[in-house]
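Consider the two complexes below, in which chain A is the common component and chain B and chain C are the respective partners.
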Partner chain A sequence: MNPASNSIDPEWAWAPYEPTGAEDWSLAHVAHFHRRAGFGANWQTLQESLPLSPVTLATQAVSQVESAEVESSSQALVTSILAAGGLNQLPAWWIHRLLQGSATLREKMTIFWHGHFATSGAKVRDPQLLLRQNRLLREHALGDFAAMVHEVSKDPAMLMYLDSDSNRKVHPNENFARELMELFTLGEGRYSEQDIRELARCFTGWEVRRNEYRFNPYQHDDGTKRLFDQRGQFGGEQGVDIVLDREDCPRFIAGKLVRYFVADEGLSGEELIEPLAVEFRESGLQIAPLVQRILSSNLFYSEHARARKFRSPIEFAVGFLRTLDGSTNLIGFSNSLKDLGQLLFFPPNVKGWNGGREWINSSTLLARANMMHDLLARSETRFGGGDLQEYCDSQGWADPEEVVDRLSTLLLALPLNSEASTELTQLLESGSGDPEKRLRRALALFVSLPVYQLA
Partner chain B sequence: MRVPVLAAVLAVFCCSPLMAEDGGEHLLPISTVIYAEIDQPGDLIRRLRDDPAVPALVEQLKQIPAIGQALEEDDSVKAREALGIIEAQLGREWEDVLTALVENGVTFGFDPLSQGAVLILHAESEESLNEIVDGLVELANADAESKGKKAPFQEAEYRDARVFRGDKFAFGIAADRLVLTNKSELGRRVIDAIYETPTESLAVRPNFQQARDARSEESIGWLYVDLATIRSASPDEKLLQGKADDPGGEIILGGVLEGLSKAPYLTADIMPGRRSVSASFSIPLDRSKISEERVHYFGPEGKGQAAAPIHVPGNILTISTYRDLALMLQRAGDLFNESANDGLAKAETGLSTLFGGRSFSEDILGAFSPRLQLVVAQQSYDRLDTKPSIKLPAFALVAEMRDPEATRGAFRRNFMNAIGFFNIVGAMKGNPQLELDFEDIDDGELISTRIVTPADKKDQEVVPLTYNYAPAMGFNDQLMVISSTGELARQILTQVSEDARAETSPEAEATANTILQFSTDGIFELLLANREHLIAQNMLKEGHTRVEAETEIDSGIEIVKLFDKGRLELSSSDDTLDLDISISWDRIQKAE
Partner chain C sequence: MLSNRREFLQLAAAGAVTLGAQGLAPAFLRAAAREASGQNNVLVVIQMSGGNDGLNTVVPFAEDRYYKARPKLAIAKNDVLKIDKRLGFNPVLRGFADLLEAGHLGIVQGVGYPNPNRSHFESMDIWHTCHRRSEDRNEGWLGRTVDQLQHAERQEIPGVHVGNDRLPLALFSRSHRIPSIQSMDQFHLKAKEEESMQAFRRMASQSTDSEGSMLDFLTTSTVTALDVSQQIQESIKSQSTAVDYPQTGLGRKLRSISQLISADFGTRIFYAEIDGFDTHALQAAAHTGLLRELGEAVSAFVEDLTATGNLDRVTTVCFSEFGRRVAENASEGTDHGTAAPMFLIGGQVQSGLIGKHPSLDDLEQGDLKFHTDFRQVYAGLLQQWLKCDSEKVLGEHFDPVSVIRKA
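Right after this comes the complex of A and B.
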């Protein structure tokens, strides 16, 4: 059923996954979907998802809308943070959405676009501008890619981050033009230096004044530009359209989404991506159908995908809390993600987070273990609003063996080996001291296992 | 012959520890370092039972969301059921049981040699004590049996005492005293002392005796802490080493730390009032031996006194203190570590630039007397067309100029320069601008500012903190007021003029080194105005849901509402350093 990785048939790969028996559609498959399309799911959600088909699951995910309750509490947090000028509390605000929200795929896509259109609070110190960009990305996360690029091009935070808040005709700023093609739409090597210079001329007159975009006609170069194979007196909007119209654009975005949702490595062949790129272009660069196709495909549920991604720090930490209905001090929690290499609103550079294998090294691995140890030692860390022991009891996980078994299903992409399973069960059974502390220690050990680093 | 025999009998009875009516110090080892006693808890419980305000308080407490919620939880219901079972078993209400157990006093001690803590309850009688303990032990045994567990306590005898040993602690009945301890060795030592006067006990320690002699007659509870022993046993304990190592800590605690580093012991008296409670902490401190380094804190010969605290409408907090900041900075080399001194040097350079090249520590701070006040009060936002989303109280620093004629003009110019500077920086950042205004107030003058909201920011959804500040500077005779709002500066100047006209202020004779007084009215209003922000921050910092956060914040606000005002006073006499703290809750009475 699953071909070798070096010869994946594109037609098979993107065809809808249609399980034929219980072995093809189990809690493990459902958990895999929720880990990739969101940040994991609790036991109840897994049970509710199991009767649904892969296509239904993906279709529901792309059409989810956030509840009014979450939107309202999220807005209250925003007001408080902005009133206090708390740039450093923005990551905690987003973590709150990730933990409480129901539109998890939209949030996951917003994180994807946040890394794609990277803008950092380290340079843009105004939390209001960063939030405005964040809203923009969330609004278009599963919408029209072209519309998103157009809006990002005029986003004050983006222009300030790329030093393009002032662009005069006598000295066109090439920075934004370069990043628009290299990082946002086409990919490296898909344009020439001439294209950069000409596109930069299109953007002359684009400015940010008092934190708002404005067009200054006196600084716009209205001469003829030669961009790729087109010639004309293009303005910035037309320049963006010409770039979006390039064939490399859907290929670049589709390839990046496949790496984000399916596997970090080994799936970059153009032939494999081509059917998605064609579909993306034909849909008018609509993101939702593309993502829906990927998340319901044979490839997504195949061995080429399962446990073929390294958990990002957000997936590692938020996934842990979400899966076990956890809550904690969000400010401390989000700050600890910095040591793991992924502080939201603070991507490392214009390229965003590289991800994949780079998430894991000896330093971040140790930081992950320490983070989980600290998280579980905190009194504010609760599960289902109470103790971990109470939470396990409320789920009906009666004995240590069952606890370890359920945790494996919920949290792991691969089955737990018998040695680790026995060790954890024994730790729960025979350890001394407070049962709650013992359970938390065992859980800290569980999520420090190498297998938990894989999604 | 009869007289000597009677005298001998009386002497035996009077000397017998079983008859002793004083505190429990005779029962505790000489090595005890922490000793606390409550003299007549029975009377206190009866007073509380008879006080009509207590039911009102209980009702108010039940209205507090967190408490109301806790009372409905399973654990709370079970606890009430258990209390009912205890009452049924003993045939008395729990308040009676408690009163009977502690009627003649409660003593607590901690002995570092055995690492043991002991609690001694002096019951109303041996008979009732045995009856209560038997009833409770019987219940505990029955509960354990019903759960298939072994009996929680093993009964034994030690001398004439009945001793009960559990896993984590033990207790014993010796005559009419119940002794509870975590260390058997200490428990035996106390029981021995109950039956036989020890030759050595805490009571014979000279320091303890000296502290005991100074105990207030009005206090119902008393605490003694042997600082000298704790210091020698914990040389790394920073609190007792006399150094704050940073200017903020030095200003607040410098003198107290010096006292703690030298004093042999600390005592505290607890005194209840009708609707208040106060605690007086005291350490021996010879005023004539205060170090040169701390003259800035206590004043020459230790006699530096704070001014009478200013009270304005909407007052939240006033701190009036004696601190010679100029002198403190001159002594910085002796007081602070290298890093703190580096920081001070940098600050000095920056501030000196702001003040036209004059030395901040010598020329600016030196221009003021050490009598300083910080006044914090509610502010009204009526003057603003744009109100800040987070509402902060106004605050003002009130200082006395040594030579008003020479310095007033310079400070006025510096203030106007600073406003100009803020306007330039603010304009670059899109912040609101400040307009200057000048007015005469009684015998003084006020230079205030008004916030001018930029036209494009009048409808902003979230208004930043900066809208809380419209700085002002005022002068009245020797006083200089620098305030975060003109409104507060105006109130202070008016109040000062009124006090001067009245000539006698009720607190004009304040003799304390530092006085802090607060009113919860203002705090309550402030918390209420920022409720949404507090809920949001609680959600972020505690990970609470909105409902949980609302419960916690609303409970905190309701608890603040129960209290009325509080006062803290630090003062020194020729041979002691005293800290008096009091808090009142008049509002409960009003709710009756």
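Right after this comes the complex of A and C.
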């Protein structure tokens, strides 16, 4: 059913995936869905998802709402974090939602927008402002892209991060205008330097005072601007609308979402994205239908997508715990993600995390292995509330061979090769130390293997 | 202080050392051979990320236009550290001024490229790959250099990126994985049990995938990490330094680089970054802080290289993705610009000013015009220092800038 990799038919690619037999719709397919649309799923969730259709799974995912229970524990955590100063505990606050929450696609999209509209606590050192931006991104994560861009443009944390909290008529600051077009809406090269200068003029008079956006008419340049093919005495809002109206905007966003959800490599060509871009534009830039479409498509379930993502540090770590009902010390767990290269609320620069092969280098690989080594060595790390051995027993995994087999189904996007499978089984059967320690050590090695770094 | 290599040779001569299993000892022997063939030179690249304001780094204090364009940010004539009658260093760059005095610092002026791109990321990619967006950008200029050097003589660790940021695109290579090392003491695997270590190495090396695939990339990267970390842990224990480095990010990175140079794995290329040069607002404090960090760290590095006898075989080059607009903006900062100076540091560099300062009277869209293509500087470093074929690395011929003093 799959066409050759170098010529993907766009019509086929985005048509809904309709499995015809058990081979087309197995635990592996469902696990793939949950790895991509969320952070992986435990055995029970996989079993519950199996009777559902691809379209139903995706439709449910885009309409999830977080439970009141998680919202209230999340709010309680905010209060205690802010009372303690808070900036450096922000990552742990978010990780708590990622581990406990049920609206996993919304969280995954919020991380996407956090990387897209990147703003770092290293510069904006006010945790309240960063949390406010985080709420904004979560609220619009599957909503109206245009509304989100308008709000982000007036978001104090964003304006402070891009040095645009005091934009004067004489010598307008170009930074926000540039990043709005290059990184937030159109993509590099889809505008001229002239457009940047003109758009910067539209934003003159935009300020942040006492942590709130404010328009200062005395600093606004109300002269005529020439932005793309339009002329007028545009203000900032009109400037944003003109940019959002460009055809490059839905293309850029749809392309980036496809890369986020489908594959880091091997997909190319504007033709492939074009049908999605057209739909996205015609829907008035509504995000949920676009994401729903991607997550239920032929392409999403094809060989072009399977194991074609490098796990981000969050997917690597959060995915591990969620898949095995794990729990651990929240602060230690969250902070160790820094060495892996993804500390939430602290993206490396305004472009966010590039992802793909850039997640992987010798330092981050050692950090991944060391994180799992520490995590599994800690007695606070529990699985289903107990020992790992008890957890395996409760799942009915009878012997080392079955343990390795089930872990592979749950955690891996590709089958474990037989040599590694034999090694791991042997480590479980005949390694030294007590069985619980042996099991934990083997699991730490398992998730340090190259193959687990793929999603 | 004796270099590790010399100590080793003395000890070996005294029969006190047996050759290790990790391939470390043969590296010393090969180093001696490299020295004889002139293939011993090391290049250290310091990336100043964000767009360094060249005009407030090397200040054209004799130009009225400079002071007119920058009523708030200009550096007063009396404050600069004079280079000649027209140019002077930012006063916090005392370290650079001293290096210039000692004949160890070159300033390549007016460096840029045609049709300058003012996006950080795009411009940085151009500097890293020497290619525009429309071309293949899977490997960087230093990655291609590593491929060429490795082809001539294989080293265990051909290049090293010191830092915890993503691996710079400049170091991407088709055939070699350049390790990123955040810090020496963290760069090792914590799992200690011998049986699991061996099992892990066996399992991690299994790849049935085709070369270049994602799984193959992960497998070779994992094996590189295991090998390199083990070698470094075994050799770095004996390295200490008599020099006090500043307790700054760049200071720590250059200290690690000096340790790795002394340990001598045959590494020819090192890479470090200092970030924060994107000074759109309230530039003065941020920029002087960064330049001070740069000057102090490089000074300590040179002092250390001098003490270990390595100064003559190490050349350091500093670059940024672009300079900044001549006129300051309303936020007491500067926006993205174009041409800027590059710096060369080492015992054998062409010291002093190289090329003229770009004119402040002849601007393009408010930006300085470049007169030296950065690839001409790369060509000089490749040919005169690393003894590489620059056309192969850069894809076409560029007239090299004389970056190395003629013997």
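Everything below uses one rule, namely that the second predicted complex is superposed on the first by the 455 of 455 C-alpha atoms of A that agree within 3 Å, B and C clash if a C-alpha of one lies under 4 Å from a C-alpha of the other, contacts with A are read in each partner's own complex, and residues count from 1 in each chain.
Keep in mind that, in the parts below, a residue touches a chain if its C-beta (ideal position, glycine included) is under 8 Å from a C-beta of that chain, and two chains touch if they have at least 3 such contacts.
On a predicted model such as this, the values are computed, not experimentally measured, just so you know.
Novice: If we overlay the two complexes on their shared chain A, which of chain B and chain C does A:211 touch? Say first, second, both or neither.
Specialist: first
Novice: Given the touch rule stated above, what does A:398 touch, chain B (first), chain C (second), both, or neither?
Specialist: Neither: A:398 stays clear of chain B and chain C.
Novice: Does the superposition put A:419 against chain B (first), chain C (second), both, or neither?
Specialist: A:419 sits against chain C, while chain B stays out of touch.
Novice: Go through the superposed model and pick first if A:307 touches only chain B, second if only chain C, both, or neither.
Specialist: In the superposition, A:307 touches chain C alone.
Novice: More residues of chain A are touched by which chain, chain B or chain C?
Specialist: C
Novice: Is A:172 touching anything from chain B or chain C once the two structures are fitted on A? First, second, both or neither.
Specialist: After superposing on A, A:172 lies in contact with chain C but is clear of chain B.
Novice: Check whether A:79 is in contact with chain B, with chain C, with both or with neither, and answer first, second, both or neither.
Specialist: first
Novice: Return the residues of chain A at which the contacts from chain B and from chain C coincide.
Specialist: Comparing the two interfaces on chain A, one with chain B and one with chain C, no residues are shared.
Novice: In their complex, what parts of chain A are in touch with chain C?
Specialist: Where chain A meets chain C, its residues are 162-175, 178, 182, 188-189, 193, 196, 264-265, 307-308, 310, 338-339, 341, 348-351, 354, 357-367, 369-370, 373-374, 414, 417, 419-420, 423-424, 426-427, 431-432, 441-442, 444-445, 448-451, 453-454.
Novice: Under the definition above, what is the set of chain A residues touching chain B in their complex?
Specialist: Residue positions touching the partner: 73, 76-85, 89, 92-93, 96, 128, 210-211, 327-331, 333, 380-382, 385.
Novice: Once bound in the complex, which stretches of chain C touch chain A?
Specialist: 49, 117-122, 133, 161, 164-167, 177, 179-182, 186-191, 193, 195-196, 199-200, 202-204, 206-208, 214-215, 217-219, 221-222, 224-225, 228-229, 275, 278, 280-281, 327-331, 333, 335-336, 365
Novice: Across the complex, what residues on chain B touch chain A?
Specialist: Its residues touching chain A are 388-390, 430, 456, 461-465, 532-533, 535-537, 539-546, 548.
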